């Protein structure tokens, strides 16, 4: 009855083949790609001997060659190096922004669900207000206050993301608060603090962390949108969004300037997303 | 009933007030000289002129007075004059809103249609097609919206000449922007609707419907879809925000005049009244949409309706 | 296993049905060589515990066993309205759609989820008519009304407009039956049609099946509940792990079961006559001497005060529409040391709320609860916390009361870690002691409860409750999610533990049989009030309150 | 076309002649390619890369407003491409020698499109409206200078009197910013930012900010400017200006034939447009201040003239401009563009790229040490200069240009830090003197433009003296009202000093680039380097 015998899916869930779910190709491939990205963050010079800012004014807009894998841009800079060095910045922004959004969202979400009544009410209103701003609008306002630059982009994208994480966490906490096991823990005689730290936090953070993995990719995209709107990083800094934005004017004469970086961006976000989803399934099944 | 109505209204006002205050503070924090915007790109500004402008727009008053003034006027729907356009903010917003609404509504409708078709077709069956579509959704969600627009534009407008690129005229000029804006939305919606549909199809009632001799189509259309809609409506807020953010980017790519464009310009040029007006508008829109969604919920799901007797 | 030579009139003939599921690991046989037939005017019951393959059998008969199912049989045929016999093994998807609803009606458990919750009763009942185009559209409303009337729904015209959640469980189930009958099938398959219902309502639903059989329908009833079978079935097929172990006329199978499994099944049903014997056959606990701690517990008990004293307690809930709902209404109870008080009542009678008041998880607006002569409900939570170990609980849904991240070991140690500092070896020793006490395998300690069976989970729950050496145990429907044989083991365990540890138990259940078997005294609850209290013998022998009388009447021991 | 432009650039002394040749040349093109006589009718679609929020020319300095309004409002006088003034609404005028008294005699047959006749009162009302502080006019007001009185001796005569000499008035009056609007319309219209009613060859049918403007022909127009190629109504039935900010979109619209003319062709695509047999590129070099970097002499490293000169020598405009603009623009060697009145070509040899000289200058100035990044330091401070700019006012190529310069000066050990801000931020930074370098250009044929850029009374926020110069005040003031010969001499000296002192670093000579379909004929240029559409016609 609690495990309803009628709940038969129309197609039985593909039961995992024997073996470690971490070692399946659908986990390994995105994981390997993400690992590669992480290496570019740490040591971009391993991938290319060229500097991203060095100009060769005699080799402007040259098509991809062995020396310039992705060709060169309008100032004769090597697009491949710019993508590689750009990935360091873009991913750091994505990661940093997600971190800010998560931590801020955690604080706001937890407090707005668990704080004393009066404070809780104020925070819930604050959350309502924040949710009434579309993320990009909020990010634009933050950029306007702080100015441009990688750090500010990171902060803007992060701040703009707080509200949605906070809302998720709040609803999670409220759900867990009403769950049977929290009530049961009261009956066992556990103190409120113990319940918060032993049960509510661990059980709400896990979905949050999974969401955060997916969020990194989206943060990268939001940051690149800011760059596209001309509010991202400062030239000549290489950043993915800026690369795409700069390349769009050369789409018909030198499509490689933006097409190849765009492919890298999309692949990276796909890899991050796939990895996030895999984590979700694996963790949901319970190790 | 009346009491809940008043409470709702109060909540809405509180959210609007908060949004306005937050934006006011933010805008006052932003460095910048409104007079240089007011002077309309002139390269010469004398002191008398500066004083005149400052006075005319009330910028010589103390901050708290400006704030009170602003709130007071906003309460009666007067958001003041735009610095850039020298026109009432309301007028500026409404002329832009028309363009954006066409785009946003068009994109939402298209996204919904695509997502419903996709979900109906691929939920819980046709494994290869399903895999293909989930992959496509993933790609769409991982590609920046503006990039999608540029690609569509160069493909269908420049290369194939199927659609005009020109700004705001004719239905043809709407096709590509609507597609651009709708594809990522359709991708999210598809995922949610498919999940909702698969969830609904695994419910016992779906078995009941099958035992009545209903075909797969009837089951999905008459029963599953409504349940899937319920799942999707929880994400309306996110969707709305997506549409607004997406329209900023889409309008930039396609050179359409709309709220997105106006917003960008207003923020960049410190057009305080206009930015505040836009923020209030988006907050109001958000609140209203949420109310509408709540109402729609009741309409779709009888279980949420209160027993009247 | 006898092969029935089927009468030519048989509606449904099943011979040597085998259902295999193709899975990546290999083929799993869910149903192995089962044979039976259903004649018009006959109710055939397919009885078995969960996992016995009875539901798979039922679904195979309507072609809904799933894509990965491989169905084979010597014969699988259905007599249709036009007199032809259809070979069910040869039906394509489109053919099945013509058969379902029209030739075979299917009734599922719990109409709240088995009817589309977003559509009105009227539309749900009308759907088979529309699918099979049996009536002109205009006539459908009146047909629906007539059907609803036929299954005993009063005021059908208004009920048609309502949604499933607006109807009581019994009316919903009737509507579900009506929708199964809507396209006029001869054969009706009912899969656990009464399981979620209160006993009194169960009776009325079974009456409908009886009437339908009298009207010439053939009914295949799938159930785990032998009490139900005893009341309505003409013939019984007993299934165990996919195999039909015994079949025959109902009276014969129930009176003189031939197969040991059937016998075990019948013996495991608790009731008035099972009092004082082990349901599963033998004592679940080897005789272990009482430890010093346990003796001390017993010595501490003051015989002059009740273990639990519930004084005039009332609980109100405000519903969202502002109406106050009186969940518990001026209830007083006493629980003596070492006794079991059975609290019986139908769903919504307030017994669970009362249980929570007793555990001080729910505040009472009026009245007070005293624990062992001391104030209990009036304490502040911080004051109560140190004392909570004395009163523990086990619930119907142990999985819901376990933190989903915890392993069995962590769950059992949860209360242990609250009582001062235990060395890790002491912790380990106590855990093993508890695990042995409730008869769990030590290997399960590292598992998560999601991976355990229902019976094992309930044992974990009991071990956890016992960890703090409680004197009082509040058991809220502890066995209602379990199969009969598992239920028997858990009930035996509880009784054995009570005898060994001298626990006082408040035993809450909707199942009068279980309560009769377990309790020294019984309190009958209805609509938030205790309508009758007394020793089990008194209540059984001379029920005074009319409600108690109806309740008793609807329980007929197998 | 391109070749002609280059010749013209190389021999600036004969620029007037070249300009005349250009007009003739373009005339020849259509006489060879298409019908002999202009065709009436048709709608010209023009896509513009920038937009204006305000269409009333009196209250804005936006160049797009001028471009559109040129077709809607007429001016008192016209200025031909060779900088001579021609009659327009004023059939003749008199100016006294020291430029203090101007008298204009108006045509008597002119009406505004709302039917109001043009008379002296109308002109007076227009000018006084601009002078009235309540109108919050800024650029237009500055063009009028310190007017003392405006009088109307008779119904068709307007007299303007100054206390101090003011020579640039005629050039100012020829611009659309001082175009005459209907007084009836102005008096009854509270908010003029969205509408304009003039006496021009076209009527503004609609203006939607962020989208564009639609203009329709006025059939009874017969008072075209003296420099025009024809008289009577315009050939075109209508003109649609569309705002398409994305340059790829604009270009696509042109190449796909959806639009007949676009401005601001991305330099990278100029070649492909030229090679397209259906299209051609028309270029008009801007007069006025060229694209320069203003070096802030009031603070930081640029207080030292040696550092400024080093920066100037380290910059190689020729190669930077070549990379950024693919040969569509010319590198600048003077603060004024060659098309400006009193442009002095001899200034060019004062500057020029010389890395050795730059290094030597910096060594002399004490910036001898270098840090790890190769940047010179002095007393531990790196030679970092902050370049504040607002990207929304720039084309992509401009930012490319800046990056090229950044790369060049780094070789001399100067760290040019690009610091993009939005327009509000730009105003804030310049008003508060928080920058070392800013960049801009100004379009005006009248060299008086130098005054708003180098006179000390125009230091930000009052004007564009971003270099914070006061040394030129006397010369600039004197030049405003001096007789022509003396003006020429004064402006030569000013140009020379600006480069010698390295107040600015000239980069490129901006030009208005129009990509048009070959079906479009008769484009001519206004002195603000904007196309005139009065004479334009479309072949089928």
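We just call them A, B, C and D in the order they show up, numbering each chain from 1.
As a convention for this text, a residue touches a chain if its C-beta (ideal position, glycine included) is under 8 Å from a C-beta of that chain, and two chains touch if they have at least 3 such contacts.
All figures in this text were calculated on a predicted structure; none of them were measured in a lab.
Among the pairs B-C and A-B, the greater number of C-beta contacts is found at A-B.
A simple rule picks the central chain: find each chain's mean C-alpha point, then take the one closest to the mean of all protein C-alpha atoms, which gives B. For this pair, chain A with chain C, the centres built from the Cα atoms lie 46 Å apart.
Each chain gets a centre from the mean of its Cα atoms; for chain A and chain B, those two points are 22 Å apart. Note: centroid distance chain C to chain D, computed from Cα atoms, is 87 Å. Along chain B, residues 30, 150, 154, 158, 203-204, 207, 252, 267-268 each make contact with two or more other chains.
Within chain D, contacts with two or more other chains are made by residues 246, 248, 392, 422, 424-425.
The set of chain C residues touching two or more other chains comprises 59, 108-109, 113-114. Contact residues of chain B toward chain A in the complex are 11, 14-15, 18-19, 22-23, 26-27, 29-30, 124-125, 127, 138-139, 141-147, 150, 154, 158, 198, 201-204, 206-207, 237-238, 240-242, 244-245, 248-249, 252, 263-264, 267-268, 275, 278-279, 282-283, 286-287.
In the complex of the two chains, the chain A residues touching chain B come out as 4, 6-11, 125-126, 128-129, 131-137, 140-142, 144-145, 164, 217, 221, 224-225, 228-229, 241, 244, 248, 251-252, 258, 262, 265-267, 269-270, 273-274. Residues of chain B that touch chain C in their complex: 203-205, 207-215, 218, 222-223, 226-227, 230, 300-303, 306-307. Considering their complex, residues 53, 55, 57, 60-61, 74-76, 144, 147-148, 230-231, 234-236, 246, 248-254 of chain A touch chain D. On chain D, the positions that touch chain A within their shared complex are 246-248, 251, 266, 268-269, 272, 319, 322-324, 391-392, 396, 399-400, 402-404, 406-407, 418-422, 424-425.
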